[in-house]
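The structures considered in this document are given below.
Shared between the two complexes below is subunit A, which pairs with subunit B and subunit C, respectively.
Now for the complex of A and B:
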């Protein structure tokens, strides 16, 4: 009897405790659906299958929540993510993909949308809540740790996909596929700001032990547990990975400063002299104004250095591209890219019966200037000018080398007689282009002038990713400035100013003294 | 691009494989989930009431030529093959016309499911999987090892189970994995070596086999009764046969594959949903 009475008390209490929790989840899912439909569905699709209206032009594709495959986790390979893991991806976005961070969402909205995301997959709620792995603690970085980490990079054979220099140009890179069978890049470890899941030492360590589910990136945990590398070596490897390039995207500067080379210009892009020349980084994005567009560009930025000697100007342009196109090893990749991306109705590059593409486009870069130094801020249309105001182009591609041209709109290049020369080399996933030209020329080309900034813009193509024509990476307009000789102006002017100030001061003092005497 | 990858992504499959194995024993897959290990409801099978199913998978017609695999990037692996070099293993036909690597399993009629004993093994030898096709019971340990002293990653991409993707950069590493629910088949690939492909068939009972190099198979200790037997091949799809097992007897069931079946819709990752009470399996797809 007493037991029954106890039950009579306990049951409603239990119901009271459980029902609001369930109702709370339902409310959260309903609220999360509002957030999802507004902000997420266009890419991830109304039913969470990663097939929203914008998805077909994206690579990698938006996540399919029905499979509950989450790349960025603190849990083991194949395990479900924690709520905190999902929140991390929503708050920070996934660099290197089209997933942005969502600072506009409130904490509550993120909580709600997490509940809704999980409701797309039957895998959630089947077992105990996922638990993060034990990551141990970082024994510390420093040069010795980085050196040991570089050795561990080779022990773990990271270069098979990521390449010896980490630029995603490993032997296996052209064959990588995601869980859908779509082509996927090995991460360029030298560009920390496009690393999915963050780029701190801890982030690197976590990604290695958890793997990135749905991608070819495996978990290293069994290799560690079986002693191929020690836990400390995995940390050292993390320090090494974090040392492979700048930690953050270099700050954007509008003007490339081209200093005066006192000892003559370097003769090519390999000369040591370039090491001492300031490099300017310019981000590139896919050309999405004219069709066919490019929503998944390979070249996401380039570095530019310049020197002049009063008569010639030399530029060194470097950018990362894992393929030295044209390269038959990337044929399959090119076919997969063509098949995977919505090319705005453009005919995909046909493959012959052996799987080779009918065309293997070269890699290419284009440096764009106006024909005349502008007065004020007026510049031609940034996508290769137009018929009214054409642009002056320095062109390079991996088949025909350096040349010059006149652009009258995107994709139109009319060759131009011009003394520009140069060459490019590709090494371990990076192109180095050297171009040189007299500062002033006889023909139509732009005459640079020391001390007057000239507009400059860039465009790039990765042939192995079927990039050609309008499917390019583009930048907006920037400036390039040839610095006048340092000698007279820089040294004499301040001296003169000092002398004049001193003299003026003396005069004032003398006058004051004179006045007092009077 | 292998067509079944597309089939797989298009065919998103329904609902949890519920309550396996009929007979009122309850859901072995659920039990396995809860226990987190190999523990399908262990039913007692009287040894005096069991028989054997055996037979062949045969192949008729022109045997397709298997593509050569370029292993020049991994000399250590390439050295393990004769002068003709390694070839793909999609269609292996013996001199006698037997088709190897056919996964044969009872798809209807199983009413008791004792747990298979021991672990299944999957090895990586000279940059190929051994075996190429593996059968396991849901919840059974799969010990995956690397006999090559180089980097492999084992990337399993099921749709009904949770997958895994583990790196093994040296020989001698072993990873133990399990699949908790029935799924025919789970593809396994190595992303470092794009030619490496294996398939794991996961069923809720121990009544399965894979045809050997001669195309023959044998499933022992099957309780007497009427069953449907299904055979799966990665290029030619599935075929079914009805079999009656008698106590102490051997039921013969063979499958006749032919070159005309090339391009068949090969099920990948299908959920085998055992319906309560009916002992019937249905394959469910959302679309």
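Now for the complex of A and C:
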């Protein structure tokens, strides 16, 4: 009886407490909807299914909120995310995908939109609120931890997908699919700036413990519970992952400095000869200027090094590509990419009944120059020139090797008689291309001049991802500069200027003093 | 203090220092802070300006005999007076060192990219051809203001923007799409007050239809990755995107009446 009386008091109080909260939730969801419709719906779809009008040109596809499958969480595998997790993704975006961070939204707008996102799925609001995992504490980094982490990388079979050097070229890489059955890449761990969930040691550790739901990336917790690895080893592995490449995208420098090789040019692209040579990084984008466009390119940047000896110039170009195309192991992947991406209505490479592509395009790279050193800043059009002003090309592909050509617009290469030579090797998810040519040539090719910057631009294709023709990665124009020999004017001119000024000053002072004495 | 301010020599010195600060820092760095579009002045141009300032000061000082004498006085005193021996010695070393350093700066090998003077909003043509059809740009208005439903135009504009423009110009319309780092010059930032509010809708229409290849020389057409959208989009698609750009950023376009007064930058 007493209990009943207590309830009679408690229930209205509870209702009084809950009703405004629910009403508040409804208001927040309505406000969140306004934000969502304005900024999110075009990709994630009006009903949150990740099927907005632009979704078909995006890979990975926008999140389907009705599934409540979130990659970036602090909660256990298969669990819902916390509100803070969803906020983290909205504020920071998912680097390496088409999802940007949203610094334009206020805290309140983000709160509201989180309420609205959760309303797309019936999974939220059932059961207790999700709780973050206990991540323990970092025992610390350093060379020993990194070495132990490298061992854990193999123990935990990370290399099966991510590859021995972490470039996403493991043997399983061509078979990976997300929960939708769409092809998904194993992350390139050497490019920390495109890791979906951030790149700090803590971020790496969090992603490993939670796994990336909806992708093949599992949680390490089972391996920890069964004693395959210890919690400390997972931290050490995080330190190892964070040591696999630069933390930030290298700053853009517009001019490639080609230094003088005092002991002769390297004969190939092998590591040792190039170890001390400054490397320049150039980010690349999908070719989205002319149709058919490439909205999900494989090659997102390349490294360039150069040396010259006064008569020849040698360049080493390196870029990450998990496949050594053409490779039948990637047939299925190529078919899936072709089927998954909106190719602007272009006829995709036909697939046979087994889903294998009818053609296996090679990997390729173009180095593009004008035919003449420009006077002023005029250059040919950056996308392989045009019919009026063609470009001079150094071409390479994995089937026919190094050559030269004349480009008269995107996709048009006419072979050119030219003494450029070289070769490329593929190792653990990275191409290394070595090209060499005399600085000046007899034929039509560009004559470089020491000390004068020459325009240069790049283009790249990954055959195993059905990249061919206009579906490439591109850059705009940069410069390449051959260092002139050390010149005496650098020392003589300033000295002469100082001497003359000093002497002039002395004369002036002496004359002024003489006049005063007179 | 007042003694210095009223002395011609120190007046000249103050003008030199103030001019240098203005050319080097105010034009390039302070103006953008208060929202005026500007860019750092190249060092060769600063040198030229400074020479003009010096000549101007000397002309002014020597125009009046008494002022000229007063102007010269501290210089002469430093050259001859015994009690200024130390200062004289320091200057006799410091000035040649500065000159030597300036000379070194000019002859040292440079690895900088050649300067590109690029007009961000070059003058538009009077007419353009859209897939062979000639369109007069002068006085051209966005036809969608007069027909159909604005809500539908904006929805269409947004759909076309997100499908085609987002990779470079970004979801936030700030020119920071996921491909933006690969492009030099960087894609236009529509949230900047230097872009949309300065332009008529017909100007934006021209830039979208003809893209980078349609720029005049001063717009460095060889560098721009902006596609000529006439190959993909219909005219009304482009007009709808323009409505979306202004609606989403909250800017209003320039009108032809304003245009008549001000003209393009």
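Here, the second predicted complex is superposed on the first by the 466 of 518 C-alpha atoms of A that agree within 3 Å, B and C clash if a C-alpha of one lies under 4 Å from a C-alpha of the other, contacts with A are read in each partner's own complex, and residues count from 1 in each chain.
Here is the rule we use: a contact is a pair of C-beta atoms (placed from the backbone, for glycine too) under 8 Å apart; a residue touches a chain by one contact, two chains touch by 3 or more.
Bear in mind the structure is a predicted one, so any value in this text is a computation, not a measurement.
K.L.:
Scan A:34 for contacts with subunit B and subunit C and give back first, second, both or neither.
P.N.:
A:34: touches no partner chain.
K.L.:
One more residue to check, A:254. First (subunit B), second (subunit C), both or neither?
P.N.:
second
K.L.:
More residues of subunit A are touched by which chain, subunit B or subunit C?
P.N.:
On the superposition, C touches more of the residues of subunit A.
K.L.:
May I ask you to decide whether A:177 touches subunit B, subunit C, both, or neither, giving the answer as first, second, both or neither?
P.N.:
first
K.L.:
Kindly classify A:84 by the partners it touches after superposition: subunit B alone (first), subunit C alone (second), both, or neither?
P.N.:
Neither partner.
K.L.:
Let me test your reading of the model: by the given contact rule, A:290 touches which partner, first (subunit B), second (subunit C), both or neither?
P.N.:
A:290 sits against subunit C, while subunit B stays out of touch.
K.L.:
Check the residue A:156 against both partner chains and state whether it touches subunit B (first), subunit C (second), both, or neither.
P.N.:
first
K.L.:
In the complex formed with subunit A, which residues of subunit C make contact?
P.N.:
Interface residues on the subunit C side: 76, 79-80, 88, 91-92, 95-97, 99-104, 106-109, 111-114, 116-117, 158-159, 162-163, 166-168, 170-172, 176-179, 181-185, 211-213, 217, 220-223, 225-227, 231-232, 248.
K.L.:
Could you pull out which subunit A residues touch subunit B in their complex?
P.N.:
Within the complex, subunit A touches subunit B at residues 49, 66-67, 69, 77-80, 122-123, 126-127, 155-157, 160-161, 171-172, 175-177, 179-181, 211, 213, 215-223, 226, 228, 336, 339.
K.L.:
Spell out the part of subunit A that touches subunit C in their complex, as residue ranges.
P.N.:
38-39, 42-43, 52-54, 57, 97-98, 100, 102-104, 249, 252, 254-255, 257, 282-286, 288-291, 295, 301, 377-383, 386, 451, 453, 474-479, 481, 483-484, 487, 489-490, 493-499, 501-502, 505-506, 508-509, 512-513, 516
K.L.:
What residues of subunit B sit close enough to touch subunit A in their complex?
P.N.:
1-2, 5-6, 9, 12, 15-16, 33-34, 36, 73, 150-151, 153-157, 159, 162-170, 172-175, 191-194
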